[in-house]
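Chains here go by letter, A, B, C, D, E, F, G and H, matching the order in which they are written, and residues are numbered from 1 within each.
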Amino acid sequence: GFGKVDYAREKRTGYPEVIFGLGKTPDQVLAIFARLYEKHGRVMVTRAERETAERVQGDFPEAEYDPMSKLLTIGRTERRFAGTVAVLSAGTADLPVSEEAARTAEWMGNPVERIYDVGVAGIDRLLAHRERLQEASVVIVVAGMEGALASVVGGLVRRPVIAVPTSVGYGAHFAGLTPLLGMLTSCASGVTVVNIDNGFGAGYAASIIQQAILEG
Amino acid sequence: GFGKVDYAREKRTGYPEVIFGLGKTPDQVLAIFARLYEKHGRVMVTRAERETAERVQGDFPEAEYDPMSKLLTIGRTERRFAGTVAVLSAGTADLPVSEEAARTAEWMGNPVERIYDVGVAGIDRLLAHRERLQEASVVIVVAGMEGALASVVGGLVRRPVIAVPTSVGYGAHFAGLTPLLGMLTSCASGVTVVNIDNGFGAGYAASIIQQAILEG
Amino acid sequence: GFGKVDYAREKRTGYPEVIFGLGKTPDQVLAIFARLYEKHGRVMVTRAERETAERVQGDFPEAEYDPMSKLLTIGRTERRFAGTVAVLSAGTADLPVSEEAARTAEWMGNPVERIYDVGVAGIDRLLAHRERLQEASVVIVVAGMEGALASVVGGLVRRPVIAVPTSVGYGAHFAGLTPLLGMLTSCASGVTVVNIDNGFGAGYAASIIQQAILEG
Amino acid sequence: GFGKVDYAREKRTGYPEVIFGLGKTPDQVLAIFARLYEKHGRVMVTRAERETAERVQGDFPEAEYDPMSKLLTIGRTERRFAGTVAVLSAGTADLPVSEEAARTAEWMGNPVERIYDVGVAGIDRLLAHRERLQEASVVIVVAGMEGALASVVGGLVRRPVIAVPTSVGYGAHFAGLTPLLGMLTSCASGVTVVNIDNGFGAGYAASIIQQAILEG
Amino acid sequence: GFGKVDYAREKRTGYPEVIFGLGKTPDQVLAIFARLYEKHGRVMVTRAERETAERVQGDFPEAEYDPMSKLLTIGRTERRFAGTVAVLSAGTADLPVSEEAARTAEWMGNPVERIYDVGVAGIDRLLAHRERLQEASVVIVVAGMEGALASVVGGLVRRPVIAVPTSVGYGAHFAGLTPLLGMLTSCASGVTVVNIDNGFGAGYAASIIQQAILEG
Amino acid sequence: GFGKVDYAREKRTGYPEVIFGLGKTPDQVLAIFARLYEKHGRVMVTRAERETAERVQGDFPEAEYDPMSKLLTIGRTERRFAGTVAVLSAGTADLPVSEEAARTAEWMGNPVERIYDVGVAGIDRLLAHRERLQEASVVIVVAGMEGALASVVGGLVRRPVIAVPTSVGYGAHFAGLTPLLGMLTSCASGVTVVNIDNGFGAGYAASIIQQAILEG
Amino acid sequence: GFGKVDYAREKRTGYPEVIFGLGKTPDQVLAIFARLYEKHGRVMVTRAERETAERVQGDFPEAEYDPMSKLLTIGRTERRFAGTVAVLSAGTADLPVSEEAARTAEWMGNPVERIYDVGVAGIDRLLAHRERLQEASVVIVVAGMEGALASVVGGLVRRPVIAVPTSVGYGAHFAGLTPLLGMLTSCASGVTVVNIDNGFGAGYAASIIQQAILEG
Amino acid sequence: GFGKVDYAREKRTGYPEVIFGLGKTPDQVLAIFARLYEKHGRVMVTRAERETAERVQGDFPEAEYDPMSKLLTIGRTERRFAGTVAVLSAGTADLPVSEEAARTAEWMGNPVERIYDVGVAGIDRLLAHRERLQEASVVIVVAGMEGALASVVGGLVRRPVIAVPTSVGYGAHFAGLTPLLGMLTSCASGVTVVNIDNGFGAGYAASIIQQAILEG
C-alpha cells in the first residue's frame, strides 16, 4: 500500500528506520509501527500526537509515550555506550526539543547528562558546569533566541558539538531561523548544525558518533 | 541647489548634521562640508572614500582622514564627558566598524576604551576584561559572524549596551543579516541594536546617552 | 530541575531576572516566580497568559495582572528616577506593546509620559507635543505599519530614542519586519532598535539608561 | 530580427514606447531608436550608459544625454500640462533617481518643481515647503534609507502621491527593499508605489494622471 | 485617552480619517467612530469584523456593514465624480479585495464599473471588455496568483492603473508577495502598486486622482 | 455576476476549465460547476473542502469526492492515452499531493502507476523500481523534505520528469520552499517544476504531454 | 582525477552528459570535453566563457562557439524531430537566455521557431502570432520583469509550455526571483518552470518531450 | 594591539587557533601567524589570498600555499588517526571547497579518501563507491546545486556524515542557500551541516570526531 518500510536500514546504518509522525494519520503510523516492530523488536515514532500514541498503545500496550518530547517508543537497543552525551539547553522553553534529543539518545543506547537553562545572559551558570561539559563524549546544544550558547560551548570542549536551533522566540527570530543562521556562522570551529527543533536529529547524530567511537 | 543643510539640528539634538559620504560625489561633499564648517566650526563625514577626502583636504588642509574607519573630520566639540565609552570587538576583521564607532565617540567628546578581539569562542579572553567593562558608562559591542558577543556582554554590565552587527562573515551570514537578527533576539535584556556596519550610529547613540548623563 | 535561576543578575546588572512567559507552562512560571520572589521581593513576568496569571495569583494574591500588556508583577523597586520616560505610539493598535514598554519602565522606577496615536500621517499631532517630547530623559517610539515615527522623533530630541517596531500591519508588513528594517535604516542618527513587539526590552533599556544617569 | 517595436502604443496609451536601456547592446538600442524616431519623431531611452548614448548620438547628433539620470532623449511632445509635478527627494544621494523622475515628467510635457533634500530627520525643512507642495497636481516622493518621507507627505496633500524607493542605504536596507516595503505599508492613505529606483515609472505615472486631468 | 483623531485631515487631503479596524477592540472603534461622525457626518471603517459592526450599529443603527469587503460605513460625501473607476479582478477569489476597492471608491463619490473574473489564462475574456476599460477615468486591477493582469491592462489604456496584489494563492505565492513583486516589476509603464489586499488604498488613490481631475 | 466561465478553454487547450476551490464559497463553486457541467458534461474542482463537496453533491449526486486529494469530479473524458504516467512519492506524508496528481491524471485520461514512499534515504527502494520507472511516458515526482528524489529520478529516465515540492517538513523547510528551490536547481537536466503542493498542475502538465504524444 | 564522466547517461536518458561550464577552469572543461567527444562524437558546453571556448578550439578546431548564448558545441545528433519547438521571449534583453534555449533545442534535434520581443505590455504583438504558436509541438517562454507572458501563452495552446524566468530586471525583481515565483503561481494550468536563466534546461526538457512524442 | 591570540585554545579543544584570512590585511595575518607559530610550531590560515600568502612566505619560507583551497600552512600535528575521512563531492566545480575540507583534515592528522564528481544525476557513479564509503570513519559530503548527495550518502553509511553546501549554482540557488536548506531538511537521519563553502569547518568537525574516537 502506501508505505515501503526500509527494513535494510539497520544493516546499512546501525539503526532501524524511525517513524516521522508529522502528517501521518494514526492508522498509517500504527501500520508502519507494527511492521517495524515485527522486524526489529523496537520502534520509535517522533512528533507523535497524543491521539496517535493512544491508537498505537491500543495494539501495543507496552509502548511508552512522553508528551513533552512527543516521542513514542517501544523496546530499546541492548547496546550501551561508555561515554555520555551531554544535552545543554539555553532556557526553560527549549525543554521539549532538549528532551527529544535526550530521549532519542537514551533510546539509542547513550547515557545522557542534562544541563538545562544555562543561557549566556548569565554566563557564570554555564561556566559552573565546565568540567561536566568537558567529560562528555558528545555535546548537544539546544538554544532558541539568538542561539549564542553553541558558540560559547564550541570553544570550551574537545568533543563534537551538535547545535540545535529552536523555534523559541518571536519577531526577528522567524521561528528559529535566527539561531539556525547564528549556529551555522558560529565563530567556534567545527560546530555542526541540524534543522530547527530537530532534537531527534541531534540525538541520532550523537549516537552515530558514539557508534563510531565504539566500533573504532 | 541640491542640498538643504539642516542648520538647526545642533540646536534640536545637541550635535550638528553629519555628512553621509556614500553616494555623494566629492564635489557634493565639499560643498556641504564648507557650509557646515562655516556654521559649526566642526564637521564629520562618514564613509568617505580617499578621493573625497583629498578633494576636501584640498580646500581644508587641517581636515583629518582615517582610511580604516573612513571618517573625515575637522574640528571637534569642546565638551568632554566624564565617563568612558567601551568599544568591544569580536574579531580582527571587525576593526573598521569598531574604529568608526570609537572615533565617532571620540569626536563627540567621549573618552574611549578599546577592547578588541574578544570573541566568545575563547570566552576567557572576554572575562579577563570584566572589570574594565563594568567601569564604562556605555558599552558598544561590534561583532560579525553570529554576533554572540552582544548577549554575553549584555548579561555582565549595568550600563547601556549598543550592539553593532558587522558584515564580516560568509555564506549563511548574508552580509550581516545573521548577527543583526541574533542581536535583536538576544537573550540578554535591554540590548539595543543599530544597522549592520553602522559604527557611526553606535558612537552617536552612545554620545546621546552621555549627553543625557551630563545634562541629567 | 528544569530551571537555573540567575540570582546574581541583580548584582551584575542592577535588575533581577525577569521571567519570559512565552513557552513556559503555568507551573514552570509559578516555580520560578516563587524562587525569584523569595530572593528579591519583586518579580515581573512578560507575555503571561491569563491562565498563567491566575495560577500565580492563586499562590500570590497580591500579584497584579494587566491583560493588555500581558505583564504580571509583584512588588516594585523603591528607587525612583528623576527624569521621565516618554512612550509614543503611532496608532491605537500599538497599545499592547506601548503599554508593555510603559509599565515595564514604571515597574523599574521611571515616571512615564504616554503620548499615543501620533502617527506621521497627521504630522501636526506629533508636533503639538514637541515640548513634552523634549523634556523627557529617554524616548521610546512604538510603531507598526512603516514605522516612520521613529525617524521623525529621532530628529527632534537631544535624548536617547529607542524604537520598537510592532506587528501591527498586513501584507508587505510581514508581521513587523518592515518597520523593524525601517527603524534600523532610519535617516535620523543614533536611533537604536529592539525586537518586533519587544516593549519590555525598550522599557528595560530605558531604565538602564536612567540608571546610568542616576549613578553618573 | 530581435525586436518588435510596439508602434501602436502611442495610440493605446498616449505615449510612444520608451526604450529600456539595461541589458541591450548599443547597436540594439540604436536600431530600435531609429525605428521609433522615424515613427514618432521623439524617443526616450532610460538607463542608457555613456557608450550607448555616444553610439546613438553618432547617428542622431541632436539626441541629448544626461549622465546623472542616464536618460537619452530626442524630440519632445508638444503637449504642455497646466499643473506642475512636484518631485521631492529625501537626500542628496537620491539625486539620480529624482532626476530620472523629473526629466521623464518634463519630457512628457509636465512643468516640474524640484524640492530636494527634505528628509524627515529635519522635519522643519519639509514643512517649510508645505504650500509649494500643496499647489502641485501630482507629487513624486523619492527616498532611500527607511523612506519615511512618503508617509509624511501623503498626509499633507490632496493630490496623488507616487512613492519611489531608492537603493540608497546599506545593511538592513537591502538595496531598497526596506523603503519599498515601508512605502507599501505607509500609514498615509492612498500612496501608490513603483519599483526601487524607478524614477522613470513615477514620472510616467504622473504624466498619465496629468493626461487624465487634461482630457477630463 | 488612547486615540487622537486627526480632525484636520479632511481639510488637508479632502477626505476625513478612515478607521483601520484591524487590532482595535469594538469599543475602541466605536469611540473613534462617534467622534468622527460628530465632526464629519460620515465615517468608514475598514477590516471591521462582524462583532465590531454590531457594536457600532448598536449606537448607530443607520451604519451599513458589508461582510464581504468588511467595510462599515455611515453617510457619504455629496460630491459625485463625472468619470468612472473601473475595478477589474482576475478571479472569483479576489472578490473581497475587489469589493473593498469598489465600495471605497463608491463611498468617496465615484461611479464604479466592475469587470470581474477576467484573468489572463483566458485572455479573450479581458479583450472583450477593451472598450469599457478604455472609457474609465481610473483603472484598478485586483489580482492574486502571479498578478499578470496588471501588466496586460497597463498596456491597453491611457489612464492611471492602480494594481492591488491579493493573498489569493498558495505555495510560492507567499500570501501575496509574488503578485506584489510582479506588479512592481511590470513590463507596462506607469503602473503603480499598493499593499497586498489593500483594496481600500486603491479605492482611495483612485478617488484622489478623481479629485485632481475635478479640481483641475 | 461574479464569474466569467472560460467556455472556450477546451477548444484552445484540449481541456475545460477546472475550478480552483480555494477561497470560493460553496455557493460560488456550485454555480460555476453547474455552468461548466452544462457546457462540457464533466467538471473537476480542486482543493474542495467537504462542505463544498456536499453542497455540490446536493445538486449533482453523481459527483465524486476524494477527501485525501480534495478533488471533486463528475464525468470524465472518453479519450484514453496509451502510455502511463508514473507518480512517485518520497514519503507517506506526501500522499495527499501525490493523489491529487494521480487522480487529476486519471481524470484527464491517463493510466497511472503509483510508486510511493521511495525517498532517497533508502535508495535501494527506488532502484528496485527502475524498470517500471523507465516504462512510463511521463514521470511525476512528489517530494517534501529536501526533495532530492527528483534529481535521482531525473538521471534515470528518458522521459519528461515533472517535480512537485510538498509542504511536508518543518523548520528550515519553510513550508515547501526548500524542496522547491532544490528541484529548480537540480543537477539532473531537464527536470521541470510546478508550485509547492500543486499535484493538480503536475497531473495536468503530464496530460498535456500525453496529448502531444497522442496528437503527434 | 577530478572528474568522473557519466558515460552511461546517453543510454539511460537518450542524451550524453552536457558540461556545465560555470566554475570550471578551461583545462578542466577541455579534459572532460575530450573524453565525452571520444565516447559520443558530440559535446555541448553551457556557460562557456570565451577563454574556455578558445582553449577547447585550440584542440578541437571544428568546435563552434556562440558568444550570445555562451554555448560551445561540436557534432550534433543525427535524429531530427518532426514538430517544432517555439521559443518566445518577452523582450530584447532576454535574448541570451532565449538563444541558449533555442540552440540547445537545435543541437538536440529540434526545428526551432523564434518569436521574440512579444511581451504582454503590447498584447497584440503576441496575438498576431497565435497561429504559429498553436502549431508548435512544445513552447518555451522566456521572460524577465514580471514574467507574465508565460501565463498568457499557457492559456492559448494545447501543447506543453516550459517557462524560463530571466534575471532581466532590477529592484524588486531580485535577479529573476520575481518572474520565477510568478511563473510557478501562474493562473494558467500546467505551465512548468525551470531555474532562472536556465535556457539550457528548457531546451533540454523540450527535447525530452519531443523524444517521448517520437518514441511514442 | 588589534588582536588577542587565544593561546589556550589548544589546551581546551585539542587544536590551536586557526587564522580566518578573510577581511584581514596581509600584515595582520603575518603578525598573528608569527605569534601562533612561536607558541604552537604549526599554523593554518584559511581563505588566504595569494598576496597574503606571499607576505607570510617572505618571513616563513617553509609555509605552503595551495591556491585552490586557499589554505596557507606551516607545520603539522604529529598525531595520526587510524581511520580515514572520506570527502565526496558532487561536481567538478565543488573542488575548491572539497580541497579545503580534505586538506584541513590532512593537516589535522587524518588520512583522507577523495571521491569526487559523484553527483546523484548519475547515481551509479556513487553506488560504485559504496564500499569505500562504508569503510571511512567520517564522511564529508560537499555539494552545490540542490545538494541531494548528502541525503543519499546519509542513508548508506553507519558513520557520521557532515554536509557542506557550496555556492556552486545560479538563479534559485542563491549562492548556496538552496543546498544549505536541503541538507538541513534531509530525509536521511543524523546528517549534520556546516556553513556554505565551509570546507574548513567540515574538516575540523571530522577531526574532532576522530579525536573522540582516538581518545575514546
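Structural remarks
By definition in this document, contacts are C-beta pairs under 8 Å (C-beta built on N, C-alpha and C of every residue); 3 or more make two chains touch, one makes a residue touch a chain.
Since the structure is predicted, the reported quantities are computational estimates derived from the model, not experimental observations.
Seen as a C-alpha superposition, chain B sits on chain H after a turn of 90°, to the nearest 5.
The interface in B-D, F-G or A-B that matches B-H, meaning over half of the contact pairs are the same by residue number, belongs to B-D. Distance between Cα centroids is largest for the pairing of chain G with C. For the interfaces D-G and A-B, the C-beta contact count is higher for A-B. For this pair, chain G with chain H, the centres built from the Cα atoms lie 35 Å apart.
Separation between the centroids of chain A and chain H, computed from CA atoms only, is 25 Å. Those residues of chain B in touch with two or more other chains are numbered 6, 9, 12, 91, 121-122, 155-156, 170-173, 177, 180, 184-185, 189, 195.
Each chain pair that touches appears in this list: A-B, A-C, A-F, A-H, B-C, B-D, B-H, C-D, C-E, D-E, D-G, E-F, E-G, F-G, F-H, G-H.
By the touch rule above, chain H contacts chain G in their complex via residues 91-93, 95, 116-118, 121-122, 124-125, 168, 170-173. Contact residues on chain D toward chain C in their complex (touch as defined above): 90-91, 119-123, 127, 145-148, 151-152, 154-156, 169-174, 177-179, 181-189. Residues 6, 9, 12-15, 18, 82-83, 137-138, 155-162, 180, 184-185, 189-195, 200-201, 204-205, 207-209, 211-213, 215-216 of chain E touch chain D in their complex.
Interface residues of chain A, counted against chain F in their complex, comprise 2-4, 6, 8-9, 12, 17, 20, 22-24, 28, 32, 165, 167, 175-177, 180, 195-198.
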